[in-house]
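Going in written order, the chains are labelled A, B, C, D, E, F, G and H, and every chain counts its residues from 1.
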Amino acid sequence: MTITTLPPTPLHHGHRVLMKGNEAMAEAAIRAGCDAYFGYPITPQAELLEWMARRMPEEGRPFIQAESELGAINMALGAAATGARVLVSSSSPGISLMAEAMSYMAGAEIPMVLVNVMRGGPGLGGIGPGQADYFQATKGHGHGDYRVPVLAPSSIGEAMALMADAFELAEKYRTPVFILADGTLGQAMEPVELTFREPPRLGADWAVTGAGGRPPRVVKSMHLAPEDLELHNRHLQAKFAEITAREVRWAGENLDGAELVIVAYGTAARVARTAISRAREDALQVGLFRPISLWPFPSAALAEVAARARGVLVVEMSAGQMVEDVRLAIEGRQPVAFEGRTGGMVPTPGEVLDALRRLRGATGADDAASAKETRA
Amino acid sequence: MTITTLPPTPLHHGHRVLMKGNEAMAEAAIRAGCDAYFGYPITPQAELLEWMARRMPEEGRPFIQAESELGAINMALGAAATGARVLVSSSSPGISLMAEAMSYMAGAEIPMVLVNVMRGGPGLGGIGPGQADYFQATKGHGHGDYRVPVLAPSSIGEAMALMADAFELAEKYRTPVFILADGTLGQAMEPVELTFREPPRLGADWAVTGAGGRPPRVVKSMHLAPEDLELHNRHLQAKFAEITAREVRWAGENLDGAELVIVAYGTAARVARTAISRAREDALQVGLFRPISLWPFPSAALAEVAARARGVLVVEMSAGQMVEDVRLAIEGRQPVAFEGRTGGMVPTPGEVLDALRRLRGATGADDAASAKETRA
Amino acid sequence: MERSVIFAGFGGQGLLFAGQVLARAAMDSDREVLWIPTYGPEMRGGTAACTVIVGDVPIGSPVVDAAWAAVVLNPPSLAKFAPLVAPGGTLVVNATLIEAGSGRDDLDELRVPCTRLAREAGDDRLVSVAALGALVGRTGIVGPDAITAALRAILGRKHPEALEADLAVFEGGLAFGRAVLATATP
Amino acid sequence: MERSVIFAGFGGQGLLFAGQVLARAAMDSDREVLWIPTYGPEMRGGTAACTVIVGDVPIGSPVVDAAWAAVVLNPPSLAKFAPLVAPGGTLVVNATLIEAGSGRDDLDELRVPCTRLAREAGDDRLVSVAALGALVGRTGIVGPDAITAALRAILGRKHPEALEADLAVFEGGLAFGRAVLATATP
Amino acid sequence: MTTETPKGARVIFERPELLADRSTHYCPGCGHGVVHRLIAEVLGDLGLGARTIAVAPVGCAVFAYDYIGVDFVEAPHGRAPAVATGIRRVRPDAFVLTYQGDGDLAAIGTAEIIHAAGRGELLTAVFVNNGIYGMTGGQMAPTTLLGQRSTSSPGGREAAFHGYPIPMTEMLAIMPGVAYAARGSVVDAAAIGRTKQYLRRACEIQLEGRGFAIVEVISNCPVGWGMTPTESIERLRDVVAKEYRPGVIVDRTREA
Amino acid sequence: MTTETPKGARVIFERPELLADRSTHYCPGCGHGVVHRLIAEVLGDLGLGARTIAVAPVGCAVFAYDYIGVDFVEAPHGRAPAVATGIRRVRPDAFVLTYQGDGDLAAIGTAEIIHAAGRGELLTAVFVNNGIYGMTGGQMAPTTLLGQRSTSSPGGREAAFHGYPIPMTEMLAIMPGVAYAARGSVVDAAAIGRTKQYLRRACEIQLEGRGFAIVEVISNCPVGWGMTPTESIERLRDVVAKEYRPGVIVDRTREA
Amino acid sequence: MIAVAEGSLALPGAELPAPAGPAPETWIPLHIATDRCKACALCIGACAHGALALDETCVNALGYHPIRLVDPAACTSCALCARVCPDCVLTVFAAPKATRGAAR
Amino acid sequence: MIAVAEGSLALPGAELPAPAGPAPETWIPLHIATDRCKACALCIGACAHGALALDETCVNALGYHPIRLVDPAACTSCALCARVCPDCVLTVFAAPKATRGAAR
């Protein structure tokens, strides 16, 4: 069901146009200097691939619809190993097939940006929007000790801006970076100000380019001797610590004097925003804490914000995944409640409002309990 | 480097023999009534596949060395969809390739047992023992909202016993089950009492067997309408809640009067045990809390045990993964410290002892801080 | 204040297009807007729908508890979406294909022979444009000129040949919507 | 009390086998035991090693901070493992291939011409069995009869042809280990 | 709705029993509907409905289980041959059939089909090649012809940039494990009749235990091709069938 | 250790410059060593060392990057052709070479090699077929011969149970994107010489921009085969080479 | 609320109205599952006798103008239409002896 | 501590001792990187003149009895041995005019 952004390219910097999320992300990547795109069709991200299929050749840059997600992610591994700026996109089932290669890239420290336009799972599930790949993106996708930065836009404009940031992060820290969007963001159209940004090229003194005039380089993740592999892991952990210290991103709204705080990202955060404005009508002061970097998770900031509120409501389009990171940040000091829909359903503002009312009604103790229930 | 258990089969019930972990797990599966095995070679689990290659034909049961881990896990999906008792085994990188199919099986509620003989990562990493796939097994392997029971043996004998339990759990709850072992357990030999158990057959009234005499059945994970998929997710979540309520497993040692508690599983728990006995020598009372089901995690039991101690030390052969579940269980009520080695290295009893001494020395506050550091 | 409109009907009736025209018109009228389809796998003959939310501040929730208006172009859509319109909201019904009514007396319900108007203009796909005209004429959610401008902007480049018919059908729908308004006044 | 022995040398020297024989002997002597190889990809010529831990209660840690004894059959193994032996521990050195000593004066260090003994018995692989004999003769970690029984149990079924040579080499190593003990006495 | 025969009249053609009496989700004119009917007819003719376990692909035909009245397993995208292998090995007496599209079989599922065929698994594989990714919106498939436009080859497929179409069935046919490989089409009633014969033979071969059997059916995707159903059938006949020539590609059960 | 030429003497044979002067981790007699040397010789002869980006497999040859002195990327198991495709597309002026074993290329990597070949990627693929999974301990490979014992086919490979050996290079050769496909061996100095010629041609074809080129080299795995190196070479000559016949399989650059 | 009475076209529900042309009692060689027809027109092309056409006068439950046997007399019951129909809309009967003559 | 003095075999380090047979100053057509030899014996089979053999008298750093040119005079510098050696242990030289005669 391809509806193409109107008007078609060229899209002039500074203009305000109505763009489809998938297509806006694709164009933003091109303008951010994406040297190559590799992908495989899957709903609800197909338009991102299709946009690239038309635009990359126009720009004289490689585009390949690979034989599979395995093919796409490994083409990306090879291209990125040469220092190229590479984008890959897919949706939930396809992302699962990329677990091994993501672990390889994290291990070999290969920068690359991977967009997951999440849909409802598990399995083939459905094609409606979802946020149930949070655990996968932030924790256990591939094997081994590694983390990758995960950026979660909640508007099409933000998705475009984060695309450039994602490439910058990837190259600065030599790591794959996830952009975690969902079907709603991918399929919706919004007016966006076209403000493109191409991050500076840092120069990859590690990349394979042909050994001419220098000793050969190897881009690899294997370190057969456990002693060596542990050293490498220490290096990676130090890098993750640095990212955690420096690259936390989040946005707050109405947090001053907020009685309750909603923690939500992406599309769920938009629903929360509407619920919050309605809550004001019945004199309930609610703030929004919106993590933008899901890893590193803004734990310290959240702990501080939550300390000033009576309770926290986590809203997700899942059965409750980010809620674990929220609880790790708050460590029982405030009650944490959860409201979520699954399988392609999006919570409505009304449902969130009800959850806020319940949370206000409940005592801290009750809430803590109900929060636990949500994890049962 | 195939060293085969001596003496070779037949292995009589009741006998005490010296067996290699990989081979013991394979034989235990056969005796538990495993109807089919599908695998792909990878160190350090190759001997499990090789044992099956010899024994399954002896038993007149199917064995296939698939073209890949994707092939193996999907053959398992098909065989298990008919109600057969199916085993698959691999090691870290191969397990990553099974993420999509595991999500499908969780979604379609197909019982199956998957053994991960963990090695050092990330990427190709190394072949030494590791425990860095904890997040993957317990949280984010595949896409979508699902969990699968994860059983972690810490001796070869226990691995054999858990094999039968795993099949039983899988069929009782119609879910894939992980057995999370590591290279040490797979490669080591220990004397084991051969006590085999074949769980009863429950009869699969959902399985595809040919529709003769009844309406056709479909084993699937797709529910295109979000409303339907959400209903299915509610059903799955209810099942996960039931498993969490009923199937928590853990073992405790010297917990009474323990000043400090070590939380560790698998091989790390064995190292902890030795460290604990040494600690007694310098009058340090330390207990061992050993989760056997990593999901469902024994949160309530741990919270209770920890409440009686001054501090908790988590020991893992990783950069710290289970430590998150420990902190979720304890929610800041006691200091949580972490000691781990990575990349195929195994912590020594001496290192663990030092960590215990540091934890005793430190004040609760310091420890909480240091615990945080370990997550940085 | 946010105004949400659901467009629903057969896949072939051009709903997504009409929704985009409205969204484009809203944007060009300096309003904030969000267009979101209920996307699905390639199935013709099924019921398709999209929602357009127009507001003064950036749109928050892409889902609405109740719609400000709905345009239903086939019987299944009436059944599914009429109940989702907020009390006092507007319901545009394609009278050509739908005999039944919503049965709600708290709606401003318009029966518009959209398919006929469209077919008469020679293109079934324009059925949604006719309905859009009626909606605009009835509610003034955006100015008619904004719609015609949007149609020119969108079709002008890609399908100039189609433009005239679209404009004609829109005008027809618009007049229809306004006429209804007139009869309603006294 | 736990006793750990490291066997290390060239891949072809039969270390894993010798370790298994010791493990089997320990088990049959109603001890608890754990055998663990340092497993690696197929590389010949590299250094291979295994550890055997014998105790009275089920073995805890598969790794040891310091070994109770080590059997090193080639120069790299001496360099790598001699430092890991606990003070007062035993070090069996294959004098045929290793000229250097450990340089430690807190060890009971035996120089045994293992390769020669083995080669004389016609099979390089038995070099480890000779060393095992010396270890057992020197330390009595298990009874000699347990070892010969284990050799019979293991080889009897799979390689009866090899059994006699193994037994002979073991006896040779055993005598050597005991002899050393004797010379040590006065 | 069931149809009762007017008195005295003879039934020349009617819906096969194994085909559900309901509207499908397929687009107007889509060949999947014809292939579904042929499978239902053949399974019915051979009396296999009761012992068939079929494997559905990920593609427009994922819903085959809603239309063909036999047990079904839904395979992950491209893995149907592996899933079917698992079924085959534990259910020796089942009749196992796979149904795949060209993206499913010739792209992501390449390894699985080749190795199932290489093992000579006793499977009957139905491969509906419409030269496009229908379900996801008309992207290029490995079988898309040179010059053909798709939503991911908007300027038409170019060998140098997109690569050549892959002759999947011909590649499979060279493996000794493949007992039978044929290519049919849905261009007209006669071709549909021949396709049915191929399918029937591919089923008999499994029953005879002769090896792996595959029938490729070149089909249309009016929506993905951006044509009317009639135009798409003309293209199938005049263009596609010239590249992917229908006929029996290999029959090792006939070889000496 | 470097070797200086005795005064007055002419060098008949010496280690090629691009081959590291160090001991390899390969088992005694392993054919990987010979293939490594040939690659180093050919890249040297063609002066490609400076612009070559090679892709290492997962297999015993994963360490190729320790021995052949060019830039290397380590691919996940079986994915070398995809990795190389990515390199190829962003580095048009690089010389891109892949090195894979039979488990890597013909099992888990089946889809990647077929589609890289189908796209006609400008790659030179070296496929070392030793009919076994060497690195993991001698398990059966797709190329293992019928009757051959391995740690995962202890009774010998049986067609009915394990399937047939897969003629991978022959399958690849039928695709139009494949400009050149040949099979060499390491049975003796003469065969090694021919193999070098094949490798050289496969490299030239990439330089000429003619398409995808692959050289399969049937090789030995004494350890995996449970033989002495000498016995393994005899088996390679007397048994393996009879099934996988050396020679040029297709050369589309010679065709009219 | 306002109900605007508009002379809207007569609409069938899921049921196709009795076909025009031959009166009900005459012999009809085709049974048409009108509600499942998607108007792809492939059957029209398959019919050598031009006996079929889409019925522009109505729209079925799927939103299409369904197929109609416009010239029953021309129909030879060859079933080519039914064999090419992707939606198995058509059931074909051979005329009973009596009527067959009559149809000619 | 006890040091048991045992007459252990003489051992080369990474360096192969000067080969026996021909005296050092005589011409040697092969250079052997002894430390890299894995004693696979493939070169022995390749040599038509039986000029090569494994040296059982010593063990190299890898633990093998390395190859040795036992009959330099028989060597024709054909390099077949070197071409089959998987470890590139052998470098082959053609004798300078003078010595060549002498070697005969």
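Annotations for the structure displayed:
Following the convention adopted for this analysis, contacts are C-beta pairs under 8 Å (C-beta built on N, C-alpha and C of every residue); 3 or more make two chains touch, one makes a residue touch a chain.
Please read these numbers as outputs of a predicted model, since none were measured by experiment.
Path length between chain B and chain G in the touching-chain graph (shortest route): 2. Relative to chain A, the chain whose mean Cα position lies farthest away is H.
Taking each chain's centre as the mean of its C-alpha atoms, the one that lies farthest from the centre of chain C is H. We define each chain's centre as the mean of its Cα atoms; on that basis chain A and chain F are separated by 40 Å. If each chain is reduced to the centroid of its CA atoms, chain B and chain H end up 53 Å from each other.
In this assembly, the C-alpha centroid of chain E lies 64 Å from the C-alpha centroid of chain H. In chain G, the residues that touch at least two other chains are 38, 62, 64.
Touching of two or more other chains is recorded for residues 40-42, 44-45 of chain C. Touching two or more other chains at once are residues 23, 26-28, 62, 74, 76, 107-108, 110-111, 114-115, 135-138, 142, 162 of chain F. The touching residues of chain C, counted against chain G in their complex, run 10-13, 44-45, 74-75, 95-99, 101, 104-113, 115-116, 180, 183-184. Of all residues in chain F, those touching chain E in their complex are 107-111, 114-115, 118-121, 142, 159-160, 162-164, 166-167, 170-171, 174-177. Contacts from chain F toward chain A in the complex involve residues 49-53, 55-56, 62, 65, 69-76, 79, 82-87, 89-91, 94-95, 111-112, 114-115. Residues 35-36, 38, 62, 64, 66-68, 70-72, 74-82, 84, 86, 100-101, 104, 108, 208-213, 216-222 of chain B touch chain E in their complex.
The touching residues of chain G, when paired with chain C in their complex, are 1-9, 11, 38, 59, 61-64.
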